[in-house]
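One chain, subunit A, links the two complexes that follow: it is found with subunit B in the first and with subunit C in the second.
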Partner chain A sequence: MGLRVNDLKVYYQTLRGEVKALDGVTFAVGDGEILGLAGESGCGKTTLGKSLIRMDGRMRHTGGTVELDGAELPIGDDRRMNRFRFSEVSIIPQYAMSAMNPTRKIGKMVADLLESRGLRYRNLAGELERRLDLVELPREVLGSYPLELSGGMKQRMVMVISTLLDPSLLIADEITSALDVSTQKAVARTLVGFRDRGFVRSVIFITHDISLTYQIADTIMVMYAGKVAEKARADVIVNAPRHPYTKLLISSLPEVGVRYADRKLAGIPGSPPSLLDPPTGCRFRDRCPLAHDKCAEEPPAVEVEPDHFVACWKA
Partner chain B sequence: MRQYFGRKALIYALTFFVAVTINWMIPRFMPGDPIQGLVARAQVADPASVDAMRAHYTNLFGLDVPWWQQYVNFWAALLRGDMGISIWAFPTPVTDLIIRAVPYTLGLLIPAILLSWWAGNRFGAFAARRKWLDNTVLPIGYLLTATPYMWLALLLAWTLAILAGIFPVSHAYSFAVQPSWSWEFLGSLAVHWVLPFSSLFLVMFGGWAIGMRNLIIYELESDYANYLQALGARSRLVRGYAFRNAVLPQITGLALQLGTIVAGALVTEIVFSYPGIGHLILQAINNQDFFLLQGAFLFIVLGVLVANFIIDVVYTLVDPRTRIRMQGNAV
Partner chain C sequence: MLKLDAVAKIYKVGAFGGRTLTAVDDVGFEIRSGEVVSLIGESGSGKSTVGRMVLGLTAVTRGSITYDGADIATLPRKAYYRSVQGVFQDPFSCYNPVFKADRVFRMIKEEYFPRVAAPEWDAKIEESLDDVRLNPAQVLGKYPHQLSGGQLQRLLIARALLLDIKFLVADEITSMLDASTRIDVLNLLADLKSRGLGVLFVTHDLSLGNYVSERTVVMHRGHVVEMGLTDKVFTDPRHPYTAKLLSSVPQLTTKWDDTPAVPLDILDYGAAALVEVEPGHLVRQEQSLRSVN
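Take a look at the complex of A and B:
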């Protein structure tokens, strides 16, 4: 059944007004699907990931619904959401290097966490050890402090912890950004392995690195300024994009396998609009080479082919 | 680990050696002639007797030998626990005076340090999660720490002792009672203790509470706290971790604060005429009693060193990070 997100709006409350970081986002992720989430920095990827598991204090759920396996997720209600966290929705945070309490042995921390969720460490210890073997971590790590692990080991440890309860949806936000290229590949492969073994059912894989996304994602969703620009099968997005923004994004990659990191896209002059007071109509209008009068109206997302959605009047 | 503590012990020993040496030097370069004062106190007019007395005292205090001999003698005596004879309370040995004063100073300092540390940390952690409390406590805390200690002590003495008359203004017990293990004496001791104790407690409490509040807030925003919360951990677990991690820097803070706390006790004892080491130091300075001054300073140096060493050990035991770094191994 997977995840269904319907017209989701999440705004940040700031002193200068509301930042409309997610402004009507609709998409679905099927069972067993890895969705790659791409787009320039500041387009709302992290906001989307956090909205699905735990909003921070300044985020407000202003509209829309999220459904996971047929049940509605109370994303705006921190308390009621707790029941779903870890067991239904889980996250591998961007900051895996510092995600574990530095003064607690890892095994103890996991036990504390499980007990805090009303589970018994003893019942899960066997499975935990099997998974450590799987990601090639010695079992002794459970008796170590995070400081005693290398960066790659910490990353794998956090992956194992986050997926221990076999969540239905896993959010992985920029988990490879801090790693070197070979480790990145290994981490991505591990993630696919987890999906294949059924440790997680669906994955939202957020990264700046569109070529890495292409290697592991089944579907890629491109966001622009708080909205979905295009969503399609990974090979379709890379080889036959329809949205002008996606086209520029792909063509600005010299070749698949090169990261475009966080820099401004060379091929697209200008910068995304402010989300404090976003313009009406298509938000890409200022920078779009194909913009025309019609673009003053907001383009709806249209399914141009089966499972290929584009929000552009020219698509 | 053993190597680490060995090195630490060496550093402490060296510090002690240097401190003792400086301690020996300072009073000898102090302006004024203590022997002169002692002789003058005897009020003899006859120059011959004055000379005889002077020679007698100089010999008695060991000042009639070359300075290096004095230095060696000083160490030899020190190792025997002999710190000379007081000039101010002649002929009481300095060691006796210090032993008599120590219970008062420690009885004031140790409860004030430990209780303010404990209560400040608890309270700071508590304030960190109540907005209204935070908003009222924080300014008060800052006010308390920013107040010069002297003012606070005088303010307490003035309001609670002189105006309200609830507590006595000075001394460790009423002169109307004889020191003994009677309830009357102990009660007198207790009411005299309250004001100097409270003044020390309040000043330190504010600092610990603010420090803890800031540390807890920092810890609660840290990555591991966010991760745990994203995985739905109860806030009790997250707060527990945050508290434990925030206490660690407070332990180091305790070590750093010790030096200033000792100075604070000095002022307290002077303000409240409390007969501890600080009070002795004041007498020693007023009477140019450099043996007593040396003894008192030495006691303080020893106290600070011992306390620092203990905290060093405790810190390495409680913080796995320092422990691991010292062992320098990974899995």
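Take a look at the complex of A and C:
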């Protein structure tokens, strides 16, 4: 069944007005699918991840619906949402370093957490240890403080805790951006392993690094200024993108396996629009080399090929 | 020419400084004018410490850093900073939020060029903004929060250029920038290089190092493990650590699943020496203490 998000709108209340961080986002994530959510800062990718699990005080659910496995997720209602958190929807936070209670031993902290959900630590201890073995963490970590673990170990520990109750949807927000390249690879592959073993059913993997998403995601969704620009299979996004933003973004990435003797890459001139008062029509219009009159109207997301959605008049 | 010769940094740690921690050991390489050298390493490799020592922000414990033959520890600070400047990772915290961003230019004038006439100075500012491809009308008179990260970072480079510097230490300057603007800053470095600036490009991101630099120095746990021409190091890595790093970088051309994993043994760099495997390509030959896979 998976996740269905329909025309989701989430605005931030600020003193200067509403910031339209998510403005009509529609997509679905299937069972066993890893959706890579890519985009630059301010495109709404973190807002989307947060809305699906817990909105902070400034966020308002202004419109649209979210369905998980056929049942509606009450994302705008902090209390009713509580029933789904951890067991149905779970998150691996970006900063694993600060995600664990520094004053409790890790095992104790997990016990507290389970108790708060009305579960017994004893009943789950065996599964917990089995999963620690799987991510190659010694069982002794349960008796140590978070301080005693390295960054990669902490990130893996948090991953095990987040997925302990086999949630249907897992949100991984920039989980590797604070890690070194070799650790990043291990953590990213662990996430794929969790999916393969059925610890989680669907994953939304949020990152700014398209090359990393390409390594592990089945589908990539590129966002720009609060809207979905393009969504397709990972290899289609990388090898045959249709949206001009995706094209420019991918062509601006330097690569390790390529020689750049005299060849220069180009960036995208300009900067994203303010979401306080976003322009009408296509939001990429000002920076787009293909922009024409039609772009003053908002482009609908069109399925140009099966499972390849593009929001551009020229695609 | 900037030259590092067997540079080491040893910190005293513990309650009374009883123990020592060797952050950097036996690092030696040189940067010539018109050349970008990338210094690549993971966290804790000592790459930033090397950058800070070159800038004189941290004292060298052993070995020496020389600029055109003179030890930088003996050079007058102010004169040295006329030639060598640094730009760091976070452009947002480099500015005083209550001052207009271009006040950094006025501070340079007061400190280094008190006798330059105002019109001449304005022309100089315009020239250096032009060098970093910023439109003066868009950045002068603005507060830091009104400018983007890329603009702030370029403003800092323009500030360094006002001093007619010969060398720039760029420590992770693009890691807080978005992909679409990051490449512009890298191209800017390439431009400045072609006009004779030497750059020490400190980064953890191998793809960026591969893009901008002629020569690459790879550090691991305080030691240089491999250095040589960027082409050589990236296409034919001779040290297992370099090979491991390269195999871990996510790429758009190959998938991790299609490349074999590179095992890395636990290495002891203690007394190992750098050996020249081909002209200009040096690799540390150490003993493997223990095999892991």
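Note that the second predicted complex is superposed on the first by the 304 of 315 C-alpha atoms of A that agree within 3 Å, B and C clash if a C-alpha of one lies under 4 Å from a C-alpha of the other, contacts with A are read in each partner's own complex, and residues count from 1 in each chain.
We adopt the following convention: a residue touches a chain if its C-beta (ideal position, glycine included) is under 8 Å from a C-beta of that chain, and two chains touch if they have at least 3 such contacts.
Here the structure is a predicted model, which means the values were calculated and not measured.
In the superposition on chain A, A:Ser116 makes contact with subunit B only, not with subunit C.
Using the contact criterion defined above for the overlaid structures, shared-chain residue A:Pro102 touches subunit B, although it does not reach subunit C.
In the superposed model, A:Arg197 lies in contact with neither subunit B nor subunit C. Of the two partner chains placed by the overlay, only subunit C lies in contact with A:Ser182; subunit B stays clear of it. Of the two partner chains, neither subunit B nor subunit C is touched by A:Arg80. After overlaying the two complexes on the shared chain, residue contacts for A:Leu253 are found with subunit C alone; subunit B is out of touch. Residue ranges of subunit A in contact with subunit B, taken from their complex: 53-54, 81-87, 90-91, 93, 95, 98-105, 112-113, 116-117, 138, 140-141, 144-145, 147-150, 153, 158, 161-162. Subunit A makes touch with subunit C in their complex at residues 40-41, 151, 180-182, 184-185, 188-189, 208-212, 214-215, 238, 248-250, 252-260, 264-268, 271.
On subunit C, the positions that touch subunit A within their shared complex are 42-43, 148, 150, 178-184, 186-187, 190, 204, 206-208, 210-211, 231, 234-235, 244-246, 248-256, 264.
Contact residues on subunit B toward subunit A in their complex (touch as defined above): 222-224, 226-234, 236-237, 241, 244-245, 248, 319-321, 324-325, 329-331.
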